[in-house]
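Scroll down for the structure; my scribbles are underneath it.
Naming follows writing order (A, B, C and D), and every chain is counted from residue 1.
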Amino acid sequence: MSKFTLLIHCPDTSGIIASVTSFFYKHKGNIIYIDQYVDVENKIFFMRLECEFAKPVKIKELKKEFEETIGKPYQMSWHIYTASSKLNMAIFVSKYDHCLYDILGRYRSGELDVNIPVIISNHKDLEHIARGFDIPFYHIPVIKGQKDKAEKQQKELLEKENIDFIVLARYMQIISPKMIKAFPNRIINIHHSFLPAFAGAKPYHFAYKRGVKIIGATSHYVTEELDAGPIIEQDITRISHSHSVKDLILKGRDLEKIVLARGIKLHIERKTLVFNNKTIVFT
Amino acid sequence: MSKFTLLIHCPDTSGIIASVTSFFYKHKGNIIYIDQYVDVENKIFFMRLECEFAKPVKIKELKKEFEETIGKPYQMSWHIYTASSKLNMAIFVSKYDHCLYDILGRYRSGELDVNIPVIISNHKDLEHIARGFDIPFYHIPVIKGQKDKAEKQQKELLEKENIDFIVLARYMQIISPKMIKAFPNRIINIHHSFLPAFAGAKPYHFAYKRGVKIIGATSHYVTEELDAGPIIEQDITRISHSHSVKDLILKGRDLEKIVLARGIKLHIERKTLVFNNKTIVFT
Amino acid sequence: MSKFTLLIHCPDTSGIIASVTSFFYKHKGNIIYIDQYVDVENKIFFMRLECEFAKPVKIKELKKEFEETIGKPYQMSWHIYTASSKLNMAIFVSKYDHCLYDILGRYRSGELDVNIPVIISNHKDLEHIARGFDIPFYHIPVIKGQKDKAEKQQKELLEKENIDFIVLARYMQIISPKMIKAFPNRIINIHHSFLPAFAGAKPYHFAYKRGVKIIGATSHYVTEELDAGPIIEQDITRISHSHSVKDLILKGRDLEKIVLARGIKLHIERKTLVFNNKTIVFT
Amino acid sequence: MSKFTLLIHCPDTSGIIASVTSFFYKHKGNIIYIDQYVDVENKIFFMRLECEFAKPVKIKELKKEFEETIGKPYQMSWHIYTASSKLNMAIFVSKYDHCLYDILGRYRSGELDVNIPVIISNHKDLEHIARGFDIPFYHIPVIKGQKDKAEKQQKELLEKENIDFIVLARYMQIISPKMIKAFPNRIINIHHSFLPAFAGAKPYHFAYKRGVKIIGATSHYVTEELDAGPIIEQDITRISHSHSVKDLILKGRDLEKIVLARGIKLHIERKTLVFNNKTIVFT
């Protein structure tokens, strides 16, 4: 039994669903999940579909036929993913450990179906955690004025390990446009506020100052504009006047962990599509 | 432009989605929403589909062809609803007014696309509210030992007004099996606990006694077993040791209003299907 | 049995709690609620206290003694409220009806212990609702260039009815600095976003455009800077990519109603104190 | 600077707060937190108070004087805790690893101010995790018919390590009445449902069968009646018809982790009091 996941987007027109589902029916596939969305404003059709085949499938030929009979006529941008294509995820950290502990715990529990070939940090503080979980840790310091050098090292490592996407688990450095271009919609960051509120540095301090009654966290794909990339997931928790900035930071840790983990999971399971700086999240 | 909503359930097999979507494509319909679910355990396929037609459609003939080419071969239980078929909703109340105020407010705001030909109550207390909203109010007292008589009156009224479904907005009487059979999965009740916790009478008292830290409300379709029918919607709110039973009752009012309103709305929009004492809720 | 509510703020020093509680103990009062908070940064002490007296109390003399022995020495700003001092609340509306229905429903249910002598609107659309609830409705149009005139009429009405505080239930006009000064921290507005995100006009449109996964509402005291006043209460609800702006507006209605109602209730029950553009909310 | 935490409960009468706060004021203590609660039904007064002293305090003498002048006259049950008295926590686990990873991650992050001298398990599966975090792990198998023997070993270990309280982090064995008596209100369990719903085994299976729209988790103190002890904390998450039992188990993991961690934290910070099988939680 083999399983495929198909992601599609194309100009909206009628007949797409019928054509796609008929294609897989003809090839004796059983559709076990289908979800679609139409961006009415921009007239774009999006679809996610999971299909099971009882018998082995010649994937190359299937893809070729799909492109010819469906993809091209409908001007589709499409991808078929198979279960075998496990992603390689790199984790970037600095000194905060809670997100790293959380990701690695989930990874070891089997909750995240991914490879983690490398943890990269600009500090040595969290090396012992990587070691405790038996994951290679690379200390690449980022020295003022020599950021390029650090990034070159990072890139070599990412290429060598065939990294598919990067998770910034409270990594306290700005990612360069060059790096972002190398991983378009494939760098996931966790920001410690309900964006667009409190973008930028020290969100808990500003939340305290403004006297909000809820704080939040946001996982998003990194784009060149700081904290303005496509939002994958958000969540919040209630606070009161009695909480100090220190309390907010502590309460926010659980939010950050969970919102980042959910973002990572959606990405791994190919449940996100990005269009017009927004995510379509199929659930 | 006419719009149809199609609800289906049938034994699961492959090809259903392709067949159904191809059928509507052939008739020049544009599918604007599709959601499906397979109950793997019981091998049942469920689907909800919304379809728009640019040109007028001969609905009778379309239905006939659908039954012959799709419905029968797949052994489907199916319904096609059109925008014109607005439902007639009866509201049953006793003395609590908060749910009634909420439903009527939403109705007048245009939030609930439904007719309300009748409010029925075993008490006169809320008559002034019905009057304030210009809705006919019928006082049908339920006298001990003469429940049958009251129910006969209710039924005549429901039939006369062509009532499609009933909302029990904190109606404090048990509904008889006969009435339930007359409105299968078409009587919506609001219970003031997160079922199955605290089924039966005085849930807030028992919640207080047990010392729970959250209270809830549940809207469900009424079945013969008390508070055991298919759940449509639930929600909760946090409480603490400092809340008295009276506080819980007060806090619970907002929950009851909202959870009941969501249940009503899902029903009106044909987004619920019942199978095996559970609801499939398409959102 | 008479009940007092005491609200205090003063420079923080030791002994305040002991002095205040001893004062009421000496006068045979039974403290049934006490909550305090110290703003460590600004060294300000805040307290809310509820006290019951089994025997009648000479309130004037008690207040005088409190000021002399406690208030003055500790440089307190303090207020004692009695159950008899029910507040007069004015409601300002425009065309949206959901908040008005909600407030009036709660008022009639006995949930809001307040007088509502007047509903003021710049449009006639909601007059029928006021009539349905038997509350005086005043149509005061706001004509471009003649805003002063409208405000003069409003003020006369507010004075005539001894209004204590104003609720803007989706009132679509900017309140002038003069009016704000006349009701400092006594005008409650509902803004349809989780402030400080999406301050200003059309928050749902901007939320849709940014692709957030949660929307919110904020009740706050009106200050001269738009949507920047002390926040009383906030809440949120989850949304997805599939929700249109229209969906957000509809989903947001429930948020707006509840967050505004909570804000009003906290104000009525003297549970809010404002300091440094933030609220202390005693719960 | 030394800090005390005082927990009190006693028959309710007037003057308690004045007496207690005056006592600490007299000894030059600065009260930085006070919260009280009166169980009106049972006429019991509860209080939690935090007090700072700028100068060193003779704790023994202070306690003696407190007992003589306050404790005895008011028939109080009271405890004064100092910052130096860090608690010793034992963790019991079986095969599920997610709660253990979470607790140890929080512990290493400095979030839980506690000692963890010992992890005890009836299986060897999680030994590697204990090792990765450098915490002693004891494998004490529980053989059918020889449960007494295992418990004797456990008890010796708990005594040797001066264990103050036990956390059952998804430990899959029933705790004996003898053990419960040895640690009254000092064994914290996590149950994977919103109690009292779905007490006992396989709550996710029953939740699935009932078709609930929310699932929950509950941390509580273990008493002899299964899953009926005083609730410390609860939380929930939304599910839909489309989630299988397996999905519920996976979604529930995050709930279990967080609800257990919050329960542990409240216990460590002496923020819980148990009375009449309910917890007072001071926050």
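Basically, a residue touches a chain if its C-beta (ideal position, glycine included) is under 8 Å from a C-beta of that chain, and two chains touch if they have at least 3 such contacts.
As the structure is a prediction and not an experimental result, all values here were calculated from the model.
Shared contacts of chain C and chain D, meaning chains that touch the two of them, come down to A, B. The interface with the greater number of C-beta contacts, when B-C is set against B-D, is B-D. Chain geometry summary: the mean Cα position of chain B and that of chain D are 42 Å apart.
Centre-to-centre separation of chain B and chain C, using mean CA positions: 36 Å.
In chain D, no residue reaches two or more other chains under the touch definition. Interface residues of chain B facing chain A in the complex, by the touch rule stated above, are 14-15, 17-18, 21-22, 24-25, 28-32, 34-36, 38.
Residues of chain C touching chain B in their complex: 97-98, 101-102, 105-106, 108-109, 111, 129, 132-133, 250, 253-254, 258, 261. Partner chain A is touched in their complex by these residues of chain C: 37, 40, 194-198, 210-214, 216, 230-236, 240-242, 244, 277-281, 283.
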